[in-house]
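Several structures are given next for inspection.
One chain, chain A, links the two complexes that follow: it is found with chain B in the first and with chain C in the second.
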Partner chain A sequence: MLSIEALSHTYGALTALTEIDLEVAAGEVVCLLGPSGCGKSTLLRLAAGLEPLQQGRVRLAGEIVGEPRFTVPPERRRVGMVFQDFALFPHLTVAQNIAFGLADLPKAEQQSIARLWVERIGLADLAGAFPHTLSGGQQQRVALARALAPSPRLVLMDEPFSGLDVTLRDRLRDTTLALLTEARVATLLVTHDPDEAMRMADRIVLMQAGRIEQAGQPLDLYDHPVSAFAAAFFGSVTILKAHAENGQVVTDLGRFDVPVQSGPVTMIVRQEALHRALEGGVMATVAAARSLGREHLLSLMLGATAVTARWVEGRLPKVGERIPVTLDRHRVHLFPPEG
Partner chain B sequence: MFSDFDFNVIWRALPYMLQEGLVFTLTLTALATAGGIVLGTLLALMRLSSLPFLPQIAAGYVNTMRSLPLVLVIFWFYFLVPYIGQWVLQSDRPIAVGAFASSLITFTLFEAAYFSEIMRAGIQSISRGQLMAGYALGLNYRQVMGSVILPQAFRNMAPVLLTQTIVLFQDTSLVYVLSIPDFLGAASKVAQRDGRLVEMYLFAAAGYFLISFTASTLVKRLQRRIAIIR
Partner chain C sequence: MALGLALLLALPVLTIVGSFLFPALDVWAHLLSTVMPTYLYNTVLLMFGVGLGVAVIGVGTAWLVTLCQFPGVRAFEVVLLLPLAFPAYVVAYAYTGFLDSAGPVQSLLRDLTGWGFGSYWFPSIRSLGGAISVMVLVLYPYVYLLARAAFLEQSVCVLEAGRALGQTPFGCFRRLAVPLARPAIAGGVALALMETLNDFGTVQYFAVDTLTAGIYRTWLGMNEPAAATQLAGVLLLFVIGLMALERHGRAGSTRHTSVRYRHLPRFPLTGGKAALAMIACLLPCLLGFFVPLLMLLSWAIETAPTMVNTAFWQAAEHSLLLAASAAGMAVALALTLAYAVRLHPTPLVRWATRSASFGYAVPGLVIAVGVIIPLAAFDTALDTASRAAFGVSTGLLLSGTLVALLFAYVVRFLAIALNATEAALGKVTPQMDFAARSLGRTAGQTLWSIHLPIIRPSLLAACLLVFVDVMKELPATLILRPFNFDTLAVLVYAMAGDERLADAAPASLAIMLVGLLPVLLLAGALARSRPGSLPRVSAREP
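Moving on, here comes the complex of A and B:
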């Protein structure tokens, strides 16, 4: 549905995006994931047509909507947008907000579509309320309904959950996903939160410094990161420096094959890589321990190497205690140094 | 000075003061406000436009008007509008423009400069997200401005617009220099005819004070209500 080809963008001397290629199929949810300032929001605005395109091409359903010196204005792209601050119109009621994008239809039809949507998002009682009287979660749902009501071909969402508190987020992600699936609309969602991307995306496009670092299915990115950045971005890790010789590194954690013959390597150890060994294993000393409630965060010394571990089993170990651990080698990633 | 203060003078002048003077002043204030806000909003949109020349034209207009004393503009228009009309209509004689029409044109054009600055601030106070949301929902510039940005800008700026209107209400007394019987002019006429300067000027002052003070109290109340909504 959406297809972006060889798109580059600069702000003066600052390069915002370099050679981006991206596809979103109808009914698919693609997450643009990356740290702030990586260019993901710029890419979203370019897809919407809210900024003129400098280099590359944007197509919607095969038709070119953006090229250098040619642009279909956003109002004629049939693209829905959900903004981080929702951007609800404060002078209009919930129903009027939802009906806002339906100006081409007769009044009666606008009203019946708006009524359908307020019911679908569970706010039928609040159809006549003004946005400032709603909670953050309700506002988010109104923003989503407003974007979906004109049946767009593509929905663009810019950090749609980041203004909400944590307990609400999970519920709203499910509701949102259900509504998007029901509408069978192509969705491009921008987020800096890897958990959110893992939860929502059919495909994740991980960005860094204006480039696509890695794209693929969520679990693929988690299990097979292509770089130390990609590995470290999903969840907390311990980053260790090691030295390869004859295609191997020998560390306090064991012996690993590496993709370089010799030289320095970066070793990424995920927090869930270490488990209590039921038999065998190596002895680790607990250097620090803190309970997070349902799990514990331990700093473990293996020889001279400190590794952070997310401990899900049993009671909170004491500092200085020695416990046998095993290492899940799938949760350890090795890369040649960046650059 | 107050020993021979005569309330009867005011009492006798009251019908003339209200029916002629006050009606003129209030009508002029209302129409000039309406015209000034419409023109001022257009100027603000021009000033914020990304098209070439429009911002410069609007800025030039606003800066010129704000740099001229109002009395000068009033004089200037009163004596020049008939000649401009003659030139525009290609007639033989300067066209007759009544005192009311002339002062209405003057105040509309003059106040538009001030209203445009207020509306510019109002439009800029609306977040860009609102504009983008409007575009993303399939509206063009005119529709986004008309149904998203301007209604909010008016609401946010209503207290300031109304305060400016109170200033305008007081400023209309400057048409006195054209010997027009506005509220102050009417008082002055009676004062000089009857030789009752103290009574009539005090009465005029009380009138302006009462209306302005009441209006600004109401504006303050409105401001508090708007602050709660936002």
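Moving on, here comes the complex of A and C:
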């Protein structure tokens, strides 16, 4: 549905995006994931037509909507948008907000569609309320309904959950996903939260410094990161320096094959790579231990190497205690040093 | 389009700047050898006197009402604003009557002492000192408003730390509060001085030879437009200095060390101190508002039956018509420019909009001169062309018409509308624009269906402010109005010129009553505003 080809963008001397290629199919949820300033919001604005395109091409359903010196204005793109601050119109009621994008339809039809949507988002009794009287979660649902009501081809969401508190987020992610799936709409969602991306996305596009670092299915990115950055972005890790010789590194954690013959390598150990061994395993010294309730967070010394670990098994070890641990080698990633 | 509009609005000022940069040397030699030294001397003295006066009264009263506790302090907070309702020339006329030999003050003096007419010395209000006094009384609220806001914004902690470090309340005021509020005070003084330079009615009536009075006399009295234009250029230099001062004030006023606002604990004053504080607050509003009001009322009771006549109603109609059209045009233009900046925030558009609002600081007389020169040139060129092509004379098409007058008003007062509009548009987040655009509305439709409903109250307030300023405006109206087209302000001026002060009172009161509207609005905003927040509406705060 949305297709972005070879898109680059600069703000003065600052390069925001470099050679971006991206596809979003109908019914698919694609998450643009990355730290703040990686260019993901700029990409969203360019897809929406809120900014003129400098280089590259944007197509919607095969039709070119953005090229250098040619931009179809946002109002003619049939693209829905949901914002971090929801941007509900303060002078319009919930129903009027939802009906805002239906101006082409006769009044009666506008009203019946708006009614349908307030019911679908469970706010039927608040149809006549003004936005400032709603809770954050209710506002978010209205914003989503407003974007979906005109049956857009594509929905763009910019950090749609980060204005909400944590407990609310989980519930709203599921509701949102259900509504998006039901609408069979192509969705491009921007977030800096890897958990959110893992949870919502059919595909994740990980961005860094204006480039696509890695794109693929959520589990692919977690299991097979292409770089130390990609590996470290999902969850907490310990980053170690090691030295390769003859295509191998030997560390306190064991012997690993590496993609370089010799020279320095970066070793990423996920916190969930280490587990308390029930039998066998290597001995580690507990340097610090703290229970987070459902799991334990530990600093362990394996030989001279300090790593952090997070597991649920057993009781909380004491500081100074020596315990046997096993290493899940699929949760350890090795890369040649970057740049 | 916005660029073209901005350029058009900057035309009068550019005209003056242009002719000032390429002066006729003989005109200058003449000016320097005759009137220029007097004009400069009087203007500088007037500015110095008014600046000092408004600073002392404005800062003093602001400090008393924000940080001290004495009977009536809440009422004084609002009442101190009232003099803003008067144009200076009306107060000048009122005091002339109040203090002249037949007026209530001297009559009382003679009754008390038994002195005869003319047998004693009494200070004349029609002097430089008188002009300074009148303008201080009318203009101190500018400083009061900004200083008050600055005191409220000051972190309580700073003042409490001052007390803890052994300063007396007055020591805190002198060593902490005033230095911290200095940018705001400078800004207020700059605004008051801009109004001082703009004032024409007072200095003309009091026969104080300032630059402003000089421009009028040179233009209309001596019929020397070239010299008047040069004088206007000199006046513009003063204005540029004041703008720099005011800008400096605004830049500095945003520097707060603390963002936490707490209701300021007031120093309780008792006994003699409380009485002194009350007198200090009472005198400015008494002298700046109630005395002239009573004087006008006592005249008006006498003269209203004859003076509220056809001419009065016609002038009132003209004033309302002009003020309403100018307000509508200024706000519509301001909205166009502000929205253009929002859609295309390029440096060029920003700069153009800024330069279009330059007029707020420029005296009405200077704008009038700057409007008349290009319009007359246009008329002459059109007339010549028309006569050459069709053998028909078009005459004066634009100069001396309402078009010229409205143009001058819009140039002068656009900044008020622009500031209010920009502040209001700031309340509509860019995301709301994006949302509306993505929901199928064009930029124009978005303005209509989103921005306008949200900012309507602010736009109405902006309309009101421009409306009132046009009602009070005298010098530009005087020069640019069509022949025999009187407004209330012109009526008052003309009658005062004929020494018919009492006859002018009904029209003066009418102007004052309209002027009271934004003051009440402002008072309401002040009463509602939480400590530390600036009121949304203020009289002329660019």
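Assume the second predicted complex is superposed on the first by the 339 of 339 C-alpha atoms of A that agree within 3 Å, B and C clash if a C-alpha of one lies under 4 Å from a C-alpha of the other, contacts with A are read in each partner's own complex, and residues count from 1 in each chain.
Assume a residue touches a chain if its C-beta (ideal position, glycine included) is under 8 Å from a C-beta of that chain, and two chains touch if they have at least 3 such contacts.
Keep in mind that this is a model prediction, so the values were computed, not measured.
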Should chain B and chain C be called a clash or a fit once both complexes are overlaid on chain A?
clash
Applying the touch criterion given at the start, work out whether A:His132 contacts chain B, chain C, both or neither, answering first, second, both or neither.
first
Quick one: is A:Gly27 in contact with chain B, with chain C, with both, or with neither? Answer first, second, both or neither.
neither
By the touch definition at the top of the document, which applies to A:Asp85: first (chain B), second (chain C), both, or neither?
both
Answer with first, second, both or neither: which of chain B and chain C does A:Pro324 touch in the superposed model?
neither
For chain C, sort through 4-12, 22-30 or 94-102 and name the stretch that clashes with chain B after the overlay.
4-12
Chain A residues where the chain B and chain C footprints coincide 48, 50, 73-76, 78-81, 83, 85, 87, 89-91, 100-101, 103-104, 146-147, 150, 156
Provide the residue numbers of chain A that touch chain B in the complex, in ascending order.
45, 48, 50, 73-76, 78-81, 83, 85, 87-91, 100-101, 103-104, 132, 146-147, 150, 156
Touch list for chain A against partner chain C, complex
48, 50, 73-81, 83-87, 89-91, 100-101, 103-104, 143, 146-147, 150, 152, 156
Report the residues of chain B in contact with chain A in the complex, numbered from low to high.
127, 129-130, 132-140, 143, 147-148, 151-152, 155, 229-230
Chain C residues touching chain A in their complex are 429, 431-432, 434-442, 445, 449-450, 453-454
